[in-house]
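The same chain A turns up in both complexes below, where it pairs with chain B and then with chain C.
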Partner chain A sequence: MAGLTALGYISGSGRLHRWDPRFKIVALIMVSLASLGTSLPVLSGACLLMLMVVIRAGVPPGALMRDLKPVVLLLLFIFLARALVTPGEQLFVLGPWPVTREGVIAGAAICSRLLLVLLAGVAVMASTRLSEIKAAVEWFLKPIPGVPEKRVGTMLSLIVRFLPHILDQARETGEAQRARGIENRKNPFYRVIRFSIPVLRRTFLTADQLALAMEARCYADDRTDAELVSDRSDWILMGTTVLLCLCLLMF
Partner chain B sequence: MSFIEIRNLCHRFPDGTLGIDGIDLSIEKGEFVVIAGKNGSGKTTLLRHLNGLLTPSNGEVILDGMSVGQDPRRARRIVGMVFQDADSQIVGETVYEDAAFGPENLKLDREAIRQRVVNALAVVALERLSEQRPHILSGGEKRRLAIAGVLAMEPEVVVFDEPFSNLDYDGIRQVLTQMLTLHKVGKTLLVTTHDLEKVITHADRLVILFEGEVVRNGAPADLLEETENFGVRQPCAARLGGEVPSWLD
Partner chain C sequence: MTSNKQTLAQQRKMETETGGRQLRMTVYASLMAALTAAGAYMAIPIGPVPIVLQNLFIYLAGLLLGWRWGLASVGVYILAGAFGLPVFAGGLGGIGRIVGPTGGYLIGFLPAVFLIGWISAKRKGNVVYDVVAMIIGTAVIYAMGVSWLKILTGMTWGKTLAVGMLPFLIGDALKIAAAVPISKALRPIVNKTKEA
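Now for the complex of A and B:
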């Protein structure tokens, strides 16, 4: 049995779960944009607030930490890169490179920004069924001529559906390779190639099988989609989000 | 005319390999047929012609009086297919959502979909887990969900492709129980396997495929002695001259 992952819908009946998915997607975009124009202390506070929202959405903190570990490593890399290459007042020296105050602040701001957007995305995914995301995307794309909104919606929902599956396959492949001593090979390129080829092959095979299985169940663009209904409380929550985003921009 | 008529069915893959060659087979409504054969004998290829997932190089499949090629969507409504790998069959984010996928494709209204999903999940005893993420179900539960996804489309024929692979003893018994329940309510069942032990005692007929051809077709009791000539292990009890017991006993 696979472990519970943070990247996917988690059943619940809270306010976030009941919020119309169209509003959730708009709110996600607004938070992402607002994060571009705010300072580091406010961003840090927003990250903490968003972390609470994610946990309230039902995401187990342990699973969140485990699944976001690669992202945290990436953020660390970005932070170090900014801290080491940004010119400014020197704080200390790390090997041959000076770490600057401006670099540390810029690195922390970028990392907080990415983390905020990531946590907001996790909150939306955890509280929204795929069928609702699909229906919302279709609703947004419908007025745009020339865009096959049903197909785009299906592609998007399948990508989200397959994330945990691909992560599982990557984990299994990694374990199988460690069992055969891949760690003894120090060349990172060799390891990346040996890891990515089987994972990609398995992913493509699974995608082929899924396409067949969908066809066997009469899949077509024209199908019964999730119903999207919004009421006054959805608008109130949207208003609150707009206010919070304005606060982010003002401070 | 039988409910399913397979006439001179041939399938050649794009690389030139012959998957199945000149298969003629008739299956009556309500029959429980086991199709056995070793790996690569053409079992899965044959099944995929029953609902138009593959197009024959030659020959045809007639389903309830109409060729599958004429209307594949009709064929897919009549023939529900449970794939070997349940993981790649599951598309929903929750158990309920996955079972609803088929009825949604049939453009049913919400209430009809709900009714069908509730019924299908009840048949496979998964109603308790309807809000669970399929990703974290056990192997047996995933296979049962795959069955529920098919049942929600209310097909007349249910086709199982190697339904016992990767399942533990308990999972095999659960899936076997679902099969017998479906057979009891009149569904036509086609089951492919290379392991007869688990299912043959419940089957009405055994068809053996070898190198893409039907080499034996008849009552299981008459054919069990010959299975090993075609790469299919004879059930242990049959080797000892006894009757093969059910895995549910």
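Now for the complex of A and C:
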């Protein structure tokens, strides 16, 4: 669960940090979409490029490796599943299953696709303050009628604030119940209930206190957000990203 | 004059009360969205397929918050994922997830939470209505999830169902059964604000 807390904002003053968050979000969405239609060599090149961007943004490589370990395991699993089930020319035999050339290529393509989107997300999260993301999301939602953009922005930051708390509560509850021998109970129904009610009760009480604290501080929807400014260099960077994404789609 | 003043005071009081209620429901909806996100990581390790708690929280969002705030909760959850916050299963955010093979299930959460909130509100606290609402919600999630999975992967219907639905049905039945006592235990906490 460290992956959720440690991959946060890292202060810096590089080009990526100074890039207008609205552009960063558009770029992230474009990279995600462009990754859907590309071939393996281009994808792996894009992954390397994105990895360089992430490290340039100030993410320490060691911490990145540690936090991404569960994801890498997941990717490995997806890769193996693909390599084993795709029919085609046989490369070698792993235990009882044949590994095919087509399967290896398809698996590697899917993994680099997921990795590319993941790294792009890491780059944005590392270089953008939550308040900036919030302001950018509000800016995007403003023209949509019927959506209270300020409140949506508040909800987004509340989600990010609640996540580590919930995961802590879940871990604590799980440990407390293991210490009391919950593993002897084989009834899954019993265990789901006994796990969920304390976690939900506690987090709802925290939410109660949070709402009270916000009320006591006169919380209202009209708040001053982080200021968003863009200049020509922002547009130049955006243009470069568009070109790179087009390259991804073309080849 | 006095009566006028009184109504004004009453109006003020009502306004601050609805304001406080709104704020509290906003915080609760964010909490349910965060729980849905965290639910992708929470699993009860039983048997070969661990029971992942994510759709339990979708059921509870509908049952506890009602259709309006439930919809807000799930909508913000999907929005947060679309903008790259790490809230989807496996910690991978980004719009790629929504258009990816499992995106249909994510989008299916929206009509599901609406239906669960709407149907269960017809008879408040009636277990039969709650269970029927959750079964319909689950059906909608699978209808959207499996069709999208089939469109993207091009597998046959039988195979898509075998991969994308059948292994999870037992877990879902269990979660629907569990959601009934859980929502019963939590409704007093939430309703205190909802009906204040």
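Operating definition for what follows: the second predicted complex is superposed on the first by the 183 of 251 C-alpha atoms of A that agree within 3 Å, B and C clash if a C-alpha of one lies under 4 Å from a C-alpha of the other, contacts with A are read in each partner's own complex, and residues count from 1 in each chain.
In this section, a contact is a pair of C-beta atoms (placed from the backbone, for glycine too) under 8 Å apart; a residue touches a chain by one contact, two chains touch by 3 or more.
Computed from a prediction, not measured in an experiment: that's the story for all the values here.
In the superposed pair of complexes, A:200 makes contact with chain C only, with no contact to chain B. Once chain A of one complex is fitted onto chain A of the other, the partner contacts of A:227 are limited to chain B, with no touch recorded for chain C. Look at A:121: by the touch rule set out above, it reaches chain C but stays clear of chain B. With both complexes placed on chain A, chain A has more residues touched by C than by the other of chain B and chain C. In the superposed model, A:25 lies in contact with chain C only, and not with chain B. Of the two partner chains placed by the overlay, chain B and chain C both lie in contact with A:158.
Contacts of A:215 after superposition: both chain B and chain C are touched.
Contacts of A:79 after superposition on the shared chain: neither chain B nor chain C is touched.
Using the contact criterion defined above for the overlaid structures, shared-chain residue A:9 touches chain B, although it does not reach chain C. Touching of chain A by both chain B and chain C, each in its own complex, is seen for residues 1, 3-4, 158, 160, 210, 214-215, 219.
Partner chain B is touched in their complex by these residues of chain A: 1-5, 8-11, 129-131, 158, 160-161, 164-165, 168, 206, 209-210, 212-220, 222-225, 227. On chain A, the positions that touch chain C within their shared complex are 1, 3-4, 7, 25, 28-29, 32-33, 35-36, 70-71, 74, 113-114, 117-118, 120-121, 124-125, 133, 137, 151-152, 154-156, 158-160, 162-163, 166-167, 170, 186, 188-189, 191-193, 195-197, 200-201, 203-205, 207-208, 210-211, 214-215, 219. For chain B in complex with chain A, the touching residues are 48, 51, 53, 73, 76-77, 80-81, 83, 85, 87-89, 91-94, 97, 101-110, 113, 131-133, 135-139, 149-150, 153.
Those residues of chain C that touch chain A in the shared complex are 20, 23-24, 26-31, 33-35, 37-38, 41-42, 44, 46-47, 51, 53, 56, 60, 72, 76-77, 79-80, 82-87, 90-97, 99-100, 174-175, 177-178, 181-182, 185-186, 189-190.
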